[in-house]
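In what follows, subunit A forms one complex with subunit B and a second complex with subunit C.
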Partner chain A sequence: MSAVVTEAPETTTQPGLREGAFGNATSLSCRECGHLVALGPFYACPECFGPLEITYEFPQVTREEIEAGPRNIWRYKALLPVPTDIETSPNTEPGFTRLLEAKNLAAELGIAKLWVKDDSTNPTNSFKDRVVACALSAARELGATTFACPSTGNLANAVAAAGARAGIKTVVFIPSNLETPKQVNSAIFTENLVAVDGNYDDVNKLASEIAGEEEGWAFVNVNVRPYYAEGSKTLGYEIAEQLGWRLPDQVVIPVASGSQLTKVDKAFQELIKLGLVEDKAYRIFGAQATGCGPVATAYKAGTDAIRPVKPDTIAKSLAIGNPADGIYVLDIARRTGGSVEEVTDDEIREGIVLLARTEGIFTETAGGTTTAVTKKLVETGQLDPSLETVIINTGHGLKTLDSISGQVGPAATIAPSYDAFKATGL
Partner chain B sequence: MSVRVRIPTILRTYTGGDSEVTAEGATLAEVLDNLDASFAGIKGRILDEDGKLRRFVNVYVNNDDVRFEQDLATPTPDGAEVSVIPAVAGGC
Partner chain C sequence: MSAVVTEAPETTTQPGLREGAFGNATSLSCRECGHLVALGPFYACPECFGPLEITYEFPQVTREEIEAGPRNIWRYKALLPVPTDIETSPNTEPGFTRLLEAKNLAAELGIAKLWVKDDSTNPTNSFKDRVVACALSAARELGATTFACPSTGNLANAVAAAGARAGIKTVVFIPSNLETPKQVNSAIFTENLVAVDGNYDDVNKLASEIAGEEEGWAFVNVNVRPYYAEGSKTLGYEIAEQLGWRLPDQVVIPVASGSQLTKVDKAFQELIKLGLVEDKAYRIFGAQATGCGPVATAYKAGTDAIRPVKPDTIAKSLAIGNPADGIYVLDIARRTGGSVEEVTDDEIREGIVLLARTEGIFTETAGGTTTAVTKKLVETGQLDPSLETVIINTGHGLKTLDSISGQVGPAATIAPSYDAFKATGL
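Let's look at the complex of A and B:
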């Protein structure tokens, strides 16, 4: 994979790629300056370093065509940068996860109508399977021989599993101090788990440097990031389809880099433009942890300037101190009448327990953040409790057991006798 | 003060394809000026019109993000490694 583009391309796809390699995608364009780059293994604008975004020319797409598709993200393949024969390549077939009406949580929070989009039921138990499936397709089409990522958890699991299923070499880089269970969750799928002496930012930096030097390496969230990120749109498509082809009034989404929130908004806008849902107003809220809340801080300060922070929170999957899409999250929250809110680690733990005790959903710390932020948004009058609201649960609580294990446990330890049981008052 | 500068792929058109070059300077600002003298125009890709680091570029001196140091005034001791890397991120 070459990685040098210096000027706007005459063609929209790199030479050597097969026709339709990226479906209805037409080019990459810079979100900052609009500079156009040919579809290829590129992620940063050669003019201003801004993030590159996929642009499309969509054909007419109908609800019926989508509904006739498989019960996974490929039912939306016409709206993704993937070839029309994507289902024939082995992949983890993520998506079409359940949208649960959360009546108990709604009653607890005083919200009239509340849904949980539960992405903990994906193949490796987080939303990352969606984005990785799109990255895997791009890696294949670009002729990559190694599928890689820097990660602290969910992404590593998804990349290692998808690579195993696809039969492509995977290399996963993690901080060396990562807890053993998280290492096992990835190492079970790959022989090539590399522990780096440093924190996540150090691992991320190393990945960027390797991506710039090594031929044939596709780092899912580095040099194929534009394709990878598009996978998050399927969350937005599914929410709309599962609501009966309509948009919710309000959505609460966790924010790390901010990519997922921007892609859900992009999905809603695309559905409106394609006539698949009625055009209506919706509000998008971002959820962060106080220990890593640079976007929430900027939102509250009324500024566009996001000051990077050194993360210090139990919500490791949200611990990105310099969020690349943060500025766009601010734009969307302000444009739609939403906001970006933050909660403390204690509130995150309470959020995890609240969702579990009301709806039987065991979420990871990111979902605890989203639940706790939703509660705070209601309490502070930012979220309208009379409107239909969807919250996104991005991953399973078994992945972050360490964060909650001190919070829950036996209500009593008793002798094996009926009297002892009666004494508990249970 | 001679430092090694790691060049990202999208700026290697300025350095003839070289991924690493040497430059002089006691601070990051001086290093970038010196780099621009050797490879005209490269500084304008790293800094914006106001002379600040572009929003989507990260610069490290010996593995430390200069935004947590002294930005363009960050010292670049002899033998230091300066890395210029486009911003990317994982997570949600």
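Let's look at the complex of A and C:
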């Protein structure tokens, strides 16, 4: 595997790959200019430097074939850039997480029919297990010898765990000032955790430099990013399958880079084209934190110009000040009749408690953002409460405990006696 | 619902229950003397004070019927004390967690074929979601108005979350010196968290007192315990179904009260009797911590007399000094050709790291105990490494982070430069 190559070769075959290494994927194509590039460790268009994404020639795929597959994302392997024998390669087997009908939250928000797609029950408790599993497959097929990422949170956990299970050398780069619990949650899986004196931007820059200099390193969110990003499509596939092979009317999705939102839309479009669901209108809404809401700001201003911001929010996993896919998020929100909304840190905390108290789901700050944004969308008339709605919970509250500590606690502290209990009035 | 009734009425019907409230369950029977008691909020035999458990008259149940059920424990509803419409009642939909083939760990331990049943991916990240779901159903059918438990950890989380989703008043009692993160992980779900100045025994005693005095309180592990405990059978059912409807040769299960181990055995026996799996010999092994190993001690001494201990171990979720089902654990281990083994706190920590580094699973201290005991069982020749083995991971390491902090961490802390990275040798 070569290192970072932004100048992809303009061929349609890539030497050294085994037959079917990427399943039904046929090439990489530039999202901006449509230029085609051979499947390989490339992520930027050699013509215009636009982002590359995977294109496919799908065979006929049936619901029955999918339903007969494993209870994880590989049931959709025909729609992913992975080989047909992907289930036999060691991976964390993520996905096919529960889609819970949220009647209590629906009543609270005044929504007729509401579902929570709960990715906090993935192997390392976030949706990142999906994308990392696809990146791992690409790394393997491209002959990478080291699996790596720069990260501060969910991604680090997912990469470290997947790398351990795959038995591939795995290196995770984190800012050295990261809180100890977050360090432990990656260090538990890998002996190669590298703390870098600097902020996340510094760590990211170092990762790109290493990717450019070293042979055989697959950085999941750098040089195998096109494969990695496709993993988020499985969220869309699962929502449709779990609803009984139909699309919801409305979906609310958190926006960090914006990739997940664009991939759920891509998944819905693919399902329609393949005849796996009926064609219908659906609206996609993006959720951001006010402390890092460049896409929401652009949406409200009615512009395509997304102005980068310096993040300042408790929703660390959404804190991308210059979101790579923000422009596509705006396009999808506008095209589908959705919108992009933002909420304050206090609203995020309230969203976390609201989801926990109504549905027994302890979400991370990103999920608190999505819940709070959903509430705001109803209150401001942007989301139609009479339509069936799905919100995506991307991760687990145990990972962002500090954001909520002090918000909740014991109702009373009592002596160990029945009289003391009676005095509580409970 | 009446309060704690140790003297159960000696009738075969219980007034006020709807038809089919407990599915195919027919009565409670004493595990010691076999005395039959009507289904109700009873847990102790009126004849001999032995523990009551559920008896059934099972209809013909087929694999196909089970496979057509939901992807959670309710696929086995015909084998549980729950009504046939249980899926329609709000619950956290636990179970059907992944059974991962653990090739790396197998190689490390020298076992030919090894699987991990991973209950850390349950809704609140432990097997307790299974038993609490069954307790919730019983509470509902018995007309309870308050759902409650005394607990310090996983059980508190599971009860608080299930109660929130069910929309039933939920009260959770904890020792007031419990660490803040553990308090938050329950308080997030309920406004009725009560901190009690005392140790777990004090909290437990208070709970029993309240159960005895108050009307309509269902304490999951007190007055609805027989229903609650049956939930652990689903671990056994799932292992068999996920292996392709067959039993493993060996299973290693952590022992706290011992209930889970006895219920996995019960599940296997039921599957054999129902013709859902082929009859075969299997061995069941119990795993304890040296700091709380009364059953292991009795096993090694060749006695049935389990001498209570004062727990002193990092495996808090296994720290039951006087295990109620210990005697049955001894019986099953001896009858099946298994054993009960113990490991030190240092070995438990090593077990946690071993499972994470080989299989990408971050387990709590109980899972570290099971992993370390499995290693010891192989090394001491008690477990046959040529036979197919399943180990049960009961919970998530994020809940016991403090036990492992300081054990793992960054390999290096570097300046944000390529040269600094190169100097690490990675």
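What we mean here is this: the second predicted complex is superposed on the first by the 416 of 426 C-alpha atoms of A that agree within 3 Å, B and C clash if a C-alpha of one lies under 4 Å from a C-alpha of the other, contacts with A are read in each partner's own complex, and residues count from 1 in each chain.
Just so we're on the same page, a contact is a pair of C-beta atoms (placed from the backbone, for glycine too) under 8 Å apart; a residue touches a chain by one contact, two chains touch by 3 or more.
This one's a predicted model, so the numbers in the text were calculated from it and none came from an experiment.
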Can A:Ala366 be said to touch subunit B (first), subunit C (second), both, or neither? first
Just checking: does A:Lys273 make contact with subunit B only, subunit C only, both, or neither of them? Give me first, second, both or neither. neither
Using the superposition on chain A described above, determine whether A:Ile320 touches subunit B (first), subunit C (second), both, or neither. first
Given the touch rule stated above, what does A:Asp202 touch, subunit B (first), subunit C (second), both, or neither? both
For A:Ser257, decide between first (touching subunit B), second (touching subunit C), both and neither. first
Applying the touch criterion given at the start, work out whether A:Lys300 contacts subunit B, subunit C, both or neither, answering first, second, both or neither. neither
Once chain A of both complexes is superposed, is A:Pro150 in touch with subunit B (first), subunit C (second), both, or neither? first
First (subunit B), second (subunit C), both or neither: which does A:Gly50 touch? first
Look at A:Arg335 in the shared chain and tell me whether it touches subunit B only, subunit C only, both, or neither; answer first, second, both or neither. neither
Which touches a greater number of subunit A residues, subunit B or subunit C? C
Shared subunit A footprint, subunit B vs subunit C, residue numbers 198, 202, 205, 209, 213
In the complex, subunit C residues that touch subunit A: 71-72, 90, 92-93, 96, 98, 100, 103-104, 118, 121-125, 160-165, 167, 171, 174, 176, 180-181, 183-185, 187-198, 202-203, 205-206, 209-210, 213, 352-353, 356-362, 396-399, 401, 404-405, 408-418, 421, 424, 426
Along subunit A, where are the residues that touch subunit B in the complex? 3-6, 32, 42-51, 127, 149-152, 155, 198, 200-202, 204-205, 208-209, 212-213, 221-222, 225, 253-261, 308, 310, 317-320, 322-325, 327, 366, 394
Which residues of subunit B touch subunit A once you look at their complex with the stated criterion? 6, 8-10, 12-13, 17, 19, 45, 48, 54-58, 60, 63, 65, 67-68, 83, 85-92
